[in-house]
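Next come two complexes built around chain A: one with chain B, the other with chain C.
Moving on to the complex of A and B:
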């Protein structure tokens, strides 16, 4: 069992893992019934799916010809930017009131609310006192 | 090789179905982001099947453009303006 054969098997395994995770992400995006639940399915392809495909590309390039590791740049970029875009999409869902509304704040505790500051009775009480 | 291309293309199509039927704006932005990530995977697969390294820049630029467009769409929905 030489090195090229092992590299071919590793490439094939990584390709299959990436494709399966892409399919799982798409099925989850279609089947979940709440916008906030739908947000968690496509993170699979964002991390493991593209990660496995880029890993297959790295392994394949390093065995076929003199490859390099600059596919890892794309992976690092995706890992950095995926939480930022997920945060913005969650803020859109909260802003549009598409998800379940958060529970009301308990009395005498400081919680973040969805109410505007003028409608917040606690804030009004703080202003008058 | 071609089976993986087929599967990733199928997931692009499923994300596009969610883009069409998605009831809210957040779903549409999310499925556009998913389609961009799937496109990166497709381009990487194309580069593996052709055995070249020239698709690396294409995937990098699509990743950057996808992130910027997702943030721009979300900011437009949130603030009513992209650059204020």
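Moving on to the complex of A and C:
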């Protein structure tokens, strides 16, 4: 067993793992029955699917002496941005009242998305005039 | 001396991150590129410091590295768990529900990291903050016992973040 062969097997294994996770994410997106549940599959499984594919890319490029670590950056940015998009999808669902109403928070009045906007004096002036 | 250091590097961690990102972007660990990365890492925090007045000070890097390792491990476990749920659990048997997590953290940066961690780990997505920022709303895909999930988030992640941003 030389290192090149091992690297080839590692690349193949990582590619298959990544592809399987991406497939499972797609299945989850299709088969759950409400938007909040649907959000779970792609946000989590999607990240590790892409992570495994990028890992395959790193292993393959480094054995070909064409080493590149851009994949690390891609992964880092992906891990930073995925929760934010999930957060915004959840906020839209809350805002459109597409899901069960969440229980109220303990200390504060309500959740930020459900909070009614304060009365703006300018709006009132516009309505009366 | 420390005053001069603080003025030159208002945000040392940002300097470090910018230098590393620049070096990886160039894909070339030569002295010239690292020095140029350091120059960028010095200038950018200096220019942007005015727009980030309440930045967290005294972040403990060592503990943050340990936290990152724990979170990475949890992400791998979480993915396998959620993949299993997706493939085997019918919709009717899923116990999806809201979980309210009261927050002890007050730094906006720390709360952001906690919310991101919650989204990336087992079957939970952080969905909203309360109007004054004292609670985090979490949606769980399949939670047997919501109190248990809440306590796990508080003890496993929030307690560590409290130590990091002390």
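Keep this in mind: the second predicted complex is superposed on the first by the 100 of 129 C-alpha atoms of A that agree within 3 Å, B and C clash if a C-alpha of one lies under 4 Å from a C-alpha of the other, contacts with A are read in each partner's own complex, and residues count from 1 in each chain.
As a convention for this text, a residue touches a chain if its C-beta (ideal position, glycine included) is under 8 Å from a C-beta of that chain, and two chains touch if they have at least 3 such contacts.
Please read all numbers here as calculations on a predicted model, not as lab measurements.
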- Touching A:64 in the superposition: chain B (first), chain C (second), both, neither? first
- Message: Quick one: is A:27 in contact with chain B, with chain C, with both, or with neither? Answer first, second, both or neither.
- Response: both
- Message: One more residue to check, A:73. First (chain B), second (chain C), both or neither?
- Response: both
- Message: Quick one: is A:50 in contact with chain B, with chain C, with both, or with neither? Answer first, second, both or neither.
- Response: first
- First (chain B), second (chain C), both or neither: which does A:16 touch? first
- Dual-contact residues of chain A, meaning touching chain B and chain C, are 25, 27, 39, 45, 67-68, 70, 73, 84, 90-91, 93
- Query: Along chain A, where are the residues that touch chain B in the complex?
  - Reply: 11, 15-16, 18-20, 22-23, 25-27, 29-30, 35, 38-39, 42, 45-46, 49-50, 53-54, 56-57, 60-61, 64-65, 67-68, 70-71, 73-74, 77-78, 81, 84-85, 88-93, 95-96, 98
- Query: Of all residues in chain C, which touch chain A in the complex?
  - Reply: 21, 24-25, 27, 75-76, 78-79, 82-83, 86-87, 91, 94, 96, 98, 100, 102, 115-116, 118-120, 123, 125-135, 137, 139, 141
- Item | Residue ranges of chain A touching chain C (in the complex, touch as defined) | 21, 24-25, 27-28, 31-34, 36-37, 39-41, 43-45, 47-48, 67-70, 72-73, 79-80, 82-84, 86-87, 90-91, 93-94, 100, 102-103, 105-115
- Note on the structure: Within the complex, chain A is touched by chain B residues 1, 3-4, 7-8, 10-12, 14-15, 17-18, 23-27, 29-31, 33-34, 37-38, 40-41, 44-45, 47-48, 51, 53, 56, 59-60, 63-64, 67, 70-71, 74-75, 77-78
